[in-house]
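Take a look at this one; I'll ask things after.
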Amino acid sequence: MDKASIVVDPAFKIGDIDPRIRGSFVEHLGRCVYGGIYEPDHPSADEDGFRTDVLELTRELGVTAVRYPGGNFVSGYNWEDGIGPKADRPRRLELAWKTLETNQVGVDEFAAWCRKAATEPIMAVNLGTRGVAEAAELVEYCNHPAGSYWSDQRVRNGAKDPHGVRLWCLGNEMDGQWQIGHKTAREYGLLAAETAKAMRMVDPSLELVACGSSHRRMPTFASWEAEVLEHTYDVVDYVSLHSYYAPRNGDVASFLASGVDMDEMIEAVVASCDYARAKLGRSKRIDLSYDEWNVWYSGGSWQDTVDPWTEAPPILQDEYSVMDAVVVGSLLNSLLRHADRVKIACFAQLVNVIAPMTTENGGPAWRQSSYHPMALAFAHGVGAALRVEPVSPLVSTPLYGDVPQLDATVTYDESSGAVAVFAVNRSLTEPLVLSADLRSLPSARVVEHVALFDSDRDAINTKDAPDRVVPRTQPAPSLADGRLEAELPPLSWSLIRLTTTPS
Amino acid sequence: MDKASIVVDPAFKIGDIDPRIRGSFVEHLGRCVYGGIYEPDHPSADEDGFRTDVLELTRELGVTAVRYPGGNFVSGYNWEDGIGPKADRPRRLELAWKTLETNQVGVDEFAAWCRKAATEPIMAVNLGTRGVAEAAELVEYCNHPAGSYWSDQRVRNGAKDPHGVRLWCLGNEMDGQWQIGHKTAREYGLLAAETAKAMRMVDPSLELVACGSSHRRMPTFASWEAEVLEHTYDVVDYVSLHSYYAPRNGDVASFLASGVDMDEMIEAVVASCDYARAKLGRSKRIDLSYDEWNVWYSGGSWQDTVDPWTEAPPILQDEYSVMDAVVVGSLLNSLLRHADRVKIACFAQLVNVIAPMTTENGGPAWRQSSYHPMALAFAHGVGAALRVEPVSPLVSTPLYGDVPQLDATVTYDESSGAVAVFAVNRSLTEPLVLSADLRSLPSARVVEHVALFDSDRDAINTKDAPDRVVPRTQPAPSLADGRLEAELPPLSWSLIRLTTTPS
Amino acid sequence: MDKASIVVDPAFKIGDIDPRIRGSFVEHLGRCVYGGIYEPDHPSADEDGFRTDVLELTRELGVTAVRYPGGNFVSGYNWEDGIGPKADRPRRLELAWKTLETNQVGVDEFAAWCRKAATEPIMAVNLGTRGVAEAAELVEYCNHPAGSYWSDQRVRNGAKDPHGVRLWCLGNEMDGQWQIGHKTAREYGLLAAETAKAMRMVDPSLELVACGSSHRRMPTFASWEAEVLEHTYDVVDYVSLHSYYAPRNGDVASFLASGVDMDEMIEAVVASCDYARAKLGRSKRIDLSYDEWNVWYSGGSWQDTVDPWTEAPPILQDEYSVMDAVVVGSLLNSLLRHADRVKIACFAQLVNVIAPMTTENGGPAWRQSSYHPMALAFAHGVGAALRVEPVSPLVSTPLYGDVPQLDATVTYDESSGAVAVFAVNRSLTEPLVLSADLRSLPSARVVEHVALFDSDRDAINTKDAPDRVVPRTQPAPSLADGRLEAELPPLSWSLIRLTTTPS
């Protein structure tokens, strides 16, 4: 059997893992809000109309931060539509997704939901059809204690305490021609800088994310980042990245190597940020917010599946196979591997819309296959990411050439001594022995090896078979003379947990 | 004793003095509005809540025009917040100065105050967070007789007659990165041109001021003016200039020569306007509006002195010494000396905020030292400014090299025959004999010589000693054989008044 | 005694060390060529006029590649002046350094010297006063076998075999206003691209270096690299870096931390290259040629020391102290530490001109202090550079803030098993214990510890005391339980050599 090896040594640390890389995204899109987090008529709904089954799954998943309210949606959104008495809120034509928006959920509801979900809100402002003033006013509404026009409105609307939103996105995908109010890099950079300035005048404690490229194949990729940062460097903290993956033309081998693309995307954006730093002669660094990422199949065709201007249509409800879940696990590896610069990441989206959980209106909520690697990586990928230097057989891919068969990341939690090895076997057919040199951790003991794989790589979870795809406990890896060996099934994602004596 | 000489001859005229060069500025900043012009609980308050003591001092000062409502304030201002029933007006977070704005004074109150103060309003529109429509609507509100949405609102709010505001500023200091909604010259030029167009559609009789540079050391100085005028030349009448002076690191010699800097600033902006004229092939000339000027000490530190988001905090309340008053007199000379192109000037600000008058809440109002040269120059610097060609000893300055010890301007009122000589002795230690050749004015007779100076150059006026610094009548200058001789004390500002037989 | 620690593990490799990072530089400047490598009247001169004492020291130093003929010189150089019968060669006013150039050494002589010195020539072409054709012709002259105009000239001039110059520099410091024929990034990028294209048409096997910034404080730093690469990315292989260091205003602490600046410079240029790669969507990477680096004191004053238009004046003949040698050692660490991207480096210059060797005309040649860390690092810094993660006390520096007291790099030669630890103690006063974890190399045995340091940090080597500053063998470091401990004297550079069983 082929073998791949890594060396695990806490002396070689990439960086501390920011908890906010365990983030998600809730957009007013399809059934993510209505029928997803919010469904007042649902048997499980609480007094605020939130589905408690979805709240429970969210807490179980360990989501630390949720971006809201879009997405493309935000570029046409008037946040004032979503406050005040629900009966008075306008029904709007929502242009980005061609739906009818009832505004029954707005910023106050979302903030309340976040408190119940034990997660931090990340708010995006509209820089498509609106600008500086409306963004500053939303900050005032959310974060100013009281005594001013908008903060008093919030109190009047029932939220006595400020929502305390720290992290804000300056628009969404403003480089994309599909975006309402799409802008050139120069236009966006100038607007984002002025908006950032005014938002910080209201609340100097904010952290701000400038829009980066919508994906790596945008014609302005990299130059967009550099030019936007030329205008915004001193007033923002992060630049955003978005990536979605799916097999093209049945090219499953490349699909399984999607993490290679994500790695390159991250490294290119880091280069662009550090180029801007050098050019401007600054010492501060701009870090990365990977605030949309996932596997996504249905991107091109959603408009054909529903009538326009309906409420909460069931669109973009991708069903994820075990293969997709393995790719999700691999993308999580890429994020962890860049813990030194990727400080925020949001899988898109939380529920129903290309999401790890699905609900039925009036019916149950269940975990998709991709829920499992996320939940396990969120629970155990904590502390610091370690530098590992895998030596691996290669597999061929049409898009990325020869890539390592093993995709591995290791995290180490200094306080508890816990070590987690996250390993993907990218081969469709061959098992792989993972050999890990643990000589620097003589106290290491194996806790468990769980793996996600299936003889049918297209297996999915459904309402009727919600546990068709779940992690399975594997035989305990051998560990002798400081060397661990574990078998990784073909096309699989694995978590191998170890304990060590805390340092 | 050193001597400096000038020749006074009405044949050599620089230009007629526009009365609006005697303008001031009222911004919603600190205690300029609230506790300054408006304090309903004050013993002197009239039925509209205006302090009559401040009104009296304003009329006495001879202020011909007052710019309003900002300043940096205007770039985040919604003028609609300041109309209608006072109890309904919103309390806003005012971002430029981090105060709580109650909106108890708005455009209707300001127009009413101007009528009482016998002064003309100059209105600025918000081109930071707002644009074309809101500016045109404000013109409609102010100037349209009745019968339209906004003019009817004005009538409903109690102002049957239009306010008739002729002169408007297209934003404020839009070249400054501190400005809310700061813009590039191109962005601003395009926006200002469209705004001007729409405002003139409402009222073709308007005169419009485009924003020039915020000060002479801005990195875009001169190129800003040229690029803005390229877009706006045909739809504006003036370009603005702002300058504030204070001694840096104790360099009093340069401070006393601040007028040299103001002269250079004016000449550079005239050149920029005429460059645009030549480039565009136009015959019309753009004139200058020096709509913020003064001595200002407290610029850098105001944020440390008060809590944010309080109402009308006592910020920027500079106290002016006799030396500061002499510099103010010298700056007035620079303005008069450029009467051919500087048509509007506004000392900043009217009361309490870097101002020639100070009030106490509930207490008195008094004249600062700088009030006096303003009042005298405003009263007597009328008619035409004459070209004088001073021959003077020099004084050394670190910033401007050798400069003339004498800074002199002469005005001549053809209708009355009055002549006024304004003379500053820039030496800190030496008196100076001013010798004026009056042979072209054989009927000239001396009326008086008043001077501002003090053995203590740091002397100031206070609530308890409001007349510590006042002009003092000097011995009558000699006048024989068409030659006048007068002694100017060290560090002094003088006005020598003559009568002649009207021509 | 303070302690700093590193972990040495061949599993964590930065990259293989390109032998060409052991390069040097010979410019027609001062006495580098005439009186340096070439002095026909010298007792040691060989039949070609080359000083054999300098040849011997060059071979001993282990120089792998030598850049020629400039430097600033090249931007005014006609290479044809330096070929053919020596008596016929023109005497030229050399503008860059204001000397009289006799052209007794040219490309054929230099190629012959390189063969004797067992080093590879790196040739620079003139993109200051010349362009595409002359560069292509020089390639033809050097590399084309025979049968064409210029190759036949070479043969006629005595060089039957082509010189086979593989590596070429496309001009020199073209971003510097001091450069003859200085260009904007766009001008240079376009010219360099066309020149590269034509040169490759003559000989497709060339490797080409585009000019980067002349130093990190150039106003166009980073944007120059990005713009040049935008035009040249597909036709060049490397971008150049230049850096020289000296204490400013006696700030020795910052001087000792010069490697921090070099690290930042390298990382900024890597970011700029990778930014260009991302922007252009290329997969190839551009690597770095640090083709001028050293300590340099005499930069500002050389013009005062000699008459212009003399032959081979003794300028820029810096004498290097032991402190300077320690800094040189630290700069070598920075180069090794970036072995993944820095593929070429040339200390400047080889002899007499800011050089590690000095000669007297007609007299001896001797090693300066800086010769020694170079010779040892060149001999033992081979194989791969390993990632070490030093944990070190900090020292304060005015320019770079707190920096690690220990500057360490480790190299590992897989074929021989040799390990070399290069360590600088940046403290001026305190010794430091270096503790190295060698647990991954159980077969490691200490060979030796040699160190460069002196109680007098200003000690230098001279003609009469050429061995005043030499490396000294230190007590053998302890090595037990996989942990090595060695003491590093204050202000010292050390090499600790180990053997291991080859893997």
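When the chains are written out, they are named A, B and C in that same order, and each has its own residue count from 1.
To be clear about the criterion, contacts are C-beta pairs under 8 Å (C-beta built on N, C-alpha and C of every residue); 3 or more make two chains touch, one makes a residue touch a chain.
The chain list, named the UniProt way, goes like this: A, B, C = non-reducing end alpha-L-arabinofuranosidase.
Since the structure is predicted, the reported quantities are computational estimates derived from the model, not experimental observations.
At the far end from chain A, in terms of centres built from Cα atoms, lies B. Shared numbers divided by all numbers used gives the overlap of an interface; between chain A and chain B this overlap falls below half, so the copies present different residues. If you average the Cα atoms of chain B and of chain C, the two centres end up 62 Å apart.
Centres computed as Cα averages put chain A at a distance of 46 Å from chain C.
Rounded to whole angstrom units, the spacing between the C-alpha centres of chain A and chain B is 56.
Along chain C, no residue makes contact with two or more other chains.
Interface residues of chain A facing chain B in the complex, by the touch rule stated above, are 131-133, 136, 140, 144, 147-150, 152, 190, 194, 197-198, 201-202.
Across the complex, chain B meets chain A through its residues 76, 90-93, 95-96, 98, 100, 128-130, 180-184, 187, 309.
Contacts from chain C toward chain A in the complex involve residues 7, 9, 11-13, 221-223, 226, 267-275, 277-279, 281, 387, 389, 437, 439-440.
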